[in-house]
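First subunit A sits with subunit B, and in the next complex the same chain sits with subunit C.
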Partner chain A sequence: MRVIAGLLLVLWIVLPVVPVLLWSVAVQWAAPAVLPPSYSLQSFSALAATDTVRAAGASSLLGVGVATVATPLGYLGALAIQRLPRVPARLVELTLLAPLAIPPFALVMGINVAFLRFYLLPSVGVVLVLAVTALPYTAFMFRSALATYDSRFEEVARSLRNLVANGPPCPGAPARWCNRPGILPRVPGGLGRLHRHAAYRRGAVADASHAAGVRCVGYRE
Partner chain B sequence: MSSSLEFIGTSRSFGEATVLHEVSLIVEPSRCVALLGGSGSGKSTLLRIAAGLDDPSSGQVLVDGGDLDGVPSEKRGIALVFQKPLIFPHLNVVDNVAFSARMAGQSRQAARRHAMAYLELVHLADFAGRSAGRLSGGQEQRVALARALARNPRILLLDEPFSSLDSRLRENMYSLVEDIRSELAPTIVLVTHDRREASILADSIAVLDDGRILQHGPVAQLHYQPATLAVNRILGGLNAISGQVDGGIHHSVLGRVRVQPGMVDGPAFLVMRQEAVRILPAGEGTAVGNVAGLKSLGAHTLVRTEVAGNDGLPETLTVEVSGDPGVSVGQMIGLQPVNGSGWAVIR
Partner chain C sequence: MSRGQGPTTTGRAVLFALPAVFPVVAVLGVSLAAAVLQSLGLMPFIGPPSFSVEAWTGNTGELVRATGLSLNIAATATVLSVCIGFLIAAYVLASPRMGWIVGALSAATIPIPHLIGAGAIGLLLSDSGFLERVLGMPAAFPALVGGPWWIAAITEYAWKESAFVALVVLGSIARSVGDLCDAAATLGATARQRVFRVVLPLAMPSLAVSALIVFVYTLGSYEPVWLLGPTSPEPLPVRAVRLFGSVDLTARPEAMASALVSVAVGAGVILIGILVVRRSREFR
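Up next, the complex of A and B:
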């Protein structure tokens, strides 16, 4: 049963692609014919033409540019919707949705005036316009991602960061080996390690081990 | 070297509701204080304020005498084990414990080796490679404990860390805490609503009720010399006999019982723990009781007795006896305080 359902699903996805594949190798394909009457690779050779490559390059660049702008903005928008009190959050939500509601033509014409006034580079302008239309999608994608995320994980992470310098610095060692939560990886046994470590923190054997360079040795990888 | 932690008049309100009322509490270096209180009494809120995850509405938090106001969480040297384990779902067990070392810039390898020592400590070394989603509740809590310990805190705040462990594992964790205390000697604040756990682990108990510290003192003091009826109730005391104090003697249906010096004359309740009363054959002891009910606690039994006074209403006195009490409902028995003296409170 599951196999049949799976096959049906595959067909459902694959079938619509078949005509497209046929089109890509057809010379002409008119209405009554079930299959194209003649085939050629003409369309594929056109792919390699410089114009197509340039256009593809420009599209990709635009795409990357838009994603770079719209993704972080969308994240911030989603955060604002999640964290702000109800009414301001609603306003942010509406603002983010607005580009979907306003006809693109009106949007572009309106914003063009502003861009001209700021002497904006045309390519930057295009990226910004596209980013505005992409924003609702990135924002709502992040919103659903944030909905399943417990913000207390951030608190845990904060409480686990340790910027308090532990123990005395180790003389003669590069600074990056010091001021880290110190433990001596070479001392065998869990509690043995803890014990040595506790001793350092109490300062009891710190001096002796400094002289031996022990504390720092632990950090050399 | 561990630190002292001190709250001075710390209050916290959420809108209209005041959750903490001028809490003042001192935790000496390397000591363990249990914060005991019912659900919603503000225990977690107090820990969050100490850890820098929440700000007090007024009052101060001091570490080694220095005010922590404005000091961000990561610079406080305080680790908090949350009430929920909150294991990072994208990391496996060992990387969860290694998180703090990684954040401090250690290599993955060194951080993991460091983490393994702590996983051994909580008996989870075999689970190092397990993904976070495939742990039981108790295992998650132990990972959370190891993760906080691996951060080398000067002060360790534990928010009901053992509440989802079975009793055997809980006993193991108690001895683990003992180990940690003797090895690392951090200052510990342990939140719990289990007075037995508080008594086992802590040097002193602070009772928090409705956002107020009612009493802070050694374990025995809280059990046998509660400041108020509320403290007696929270510490599991079942008996409060109303009566009058006159010249250092409490008069009630239990007869005359000497109470603590300095007790002013007037109406007062005699607090007498159920463990501190003995059942005797009828006719002996200082009072006569009528057995009104028996309740088994497993190895122990609670005997509820009605003690009739010369005047007024009968009082209920509950006695805890180990094993078979050897009495039945309706039987008349004699009652006697184990100690000659008692403890009286006014409210």
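Up next, the complex of A and C:
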């Protein structure tokens, strides 16, 4: 039963592709024949034709252009949604989703005359419209990626930077790195403040590393 | 990195939002405003502007018929896509080895553009197409391509979008469903019970969201209905594009009215969908 269900699903997925594949290698394939009488790869020579290569180049360039615009913008949008207060975040979210609700043909038909009146370069206009239709996807891909991102990583990264700058607060570190009462904290003015600040930051490093479950992995000698 | 830590963080977040929000607002705003103005004759392709509501009121019957047809096609395609997509997802989760093959094949169809999909379905279902040849050219083979029931176009949408639904459902529940299915199986649930009592309730939110996306996409999609449907009656996108490309430039306002109706219907469906999803307890 389960095998039959699986085969039916495979048939559903694969069947529409079969005639396309067969037609691509068929020489002639008249009506009652279930399979082409003879096969050839000749139709694939069309792939090397100048027109096809030029069209493929133009499509690739367009794809790269749109991805180059829409990916960083989507990332920024996702960051904004995560960091803004709830109501503005919701507004940004809805705005970035809005292109999904508008049929592409309606978007293009409306903007056609407007772009002509703005004397916008056709290639720029096409990339702009396609980037706007791609933004919902890039923004929400980044959004779901950021949702699983633990902000403690950032704290740990910050702490590790401090660790390199200030030395480790971990047990076993050389005594001169530890936050012990010494002469410097008692020095009035800038130098003492600096030391107290460094000691404070070392404490923060320990807390953050502990919170993220990171153990001290090495010391600066 | 918590939400709205202070004025500096919020200010920086606004700066992050601007480059993404501005192009969307600009393109959508200009496009919709230009479409409204053109539908009212205030922004003609050539000639002086003159206000008229003729595009909206002149052929209301045809506009309403096109809207109804588009809604019908989109609804049927959505129901089929969601059912088949869920079956694919459930099968992938239920049978490890064969499921992997089904899942991989299904995901492989996602990058195929709808235009190519429409061509493929055309070669499969047309008169003396692949299916009719496989069945031995029966005399009673129905007109699936260009026939009155839009079967080929709806099949194309269901074929492409069921793979999308399966992908979304699998992505959202694959991690959590394994343990629960194991627990249900330990408690004596049969495979069918596991699918309908465990997998289906877990998949409901992602099914609802993907159904909404499929419906709105299908409503505004042009190529499959243009290539595989009959020439009359026309759904909204086909009507709009035909009038837009017409040699008669005075047909432009009517084209814009059709496009705006499809935008309004899409937006309305999304609003209703969001309200329904929010109201039902299952999705909270």
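By definition in this document, the second predicted complex is superposed on the first by the 120 of 221 C-alpha atoms of A that agree within 3 Å, B and C clash if a C-alpha of one lies under 4 Å from a C-alpha of the other, contacts with A are read in each partner's own complex, and residues count from 1 in each chain.
The rule is short, and it goes like this: contacts are C-beta pairs under 8 Å (C-beta built on N, C-alpha and C of every residue); 3 or more make two chains touch, one makes a residue touch a chain.
Being a predicted model, the structure only gives us computed values, none of them experimental.
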Using the superposition on chain A described above, determine whether A:161 touches subunit B (first), subunit C (second), both, or neither. first
I'd like to know which partner A:122 touches here: subunit B for first, subunit C for second, both or neither. neither
Any idea whether subunit B or subunit C touches more of subunit A? C
Identify the partner contact of A:80: answer first if only subunit B is touched, second if only subunit C is, both if each is, neither if none is. second
Where subunit B and subunit C land on the same part of subunit A: residues none
Residues of subunit A that touch subunit B when the two form their complex: 150, 152-153, 155-164, 166, 176, 180-183, 185, 190-191, 193-195, 197-198, 201-203, 218-219, 221
Residue ranges of subunit C touching subunit A (in the complex, touch as defined): 1-5, 9-10, 12-14, 16-17, 19-21, 23-25, 27-28, 30-35, 38, 43, 45, 84, 87-88, 91, 94-95, 98-99, 101-102, 105-106, 109, 116-117, 119-121, 123-124, 128-131, 133-134, 137, 156, 159, 162-163, 191, 213, 216-217, 219-222, 237, 240-241, 244, 255-256, 259-260, 262-263, 266-267, 270
Quick one: in the complex, what on subunit B touches subunit A? 1, 51-53, 72-80, 82, 84, 86, 88, 99-101, 103-107, 109-110, 113-114, 116-118, 120-121, 125, 147-148, 150-154, 179, 183-185
Complex contacts: residues of subunit A adjacent to subunit C: 2-3, 5-6, 9-10, 12-20, 22-23, 31-34, 73-74, 76-77, 79-86, 88-89, 92, 95-96, 98-114, 128-129, 131-132, 135, 139, 151, 154
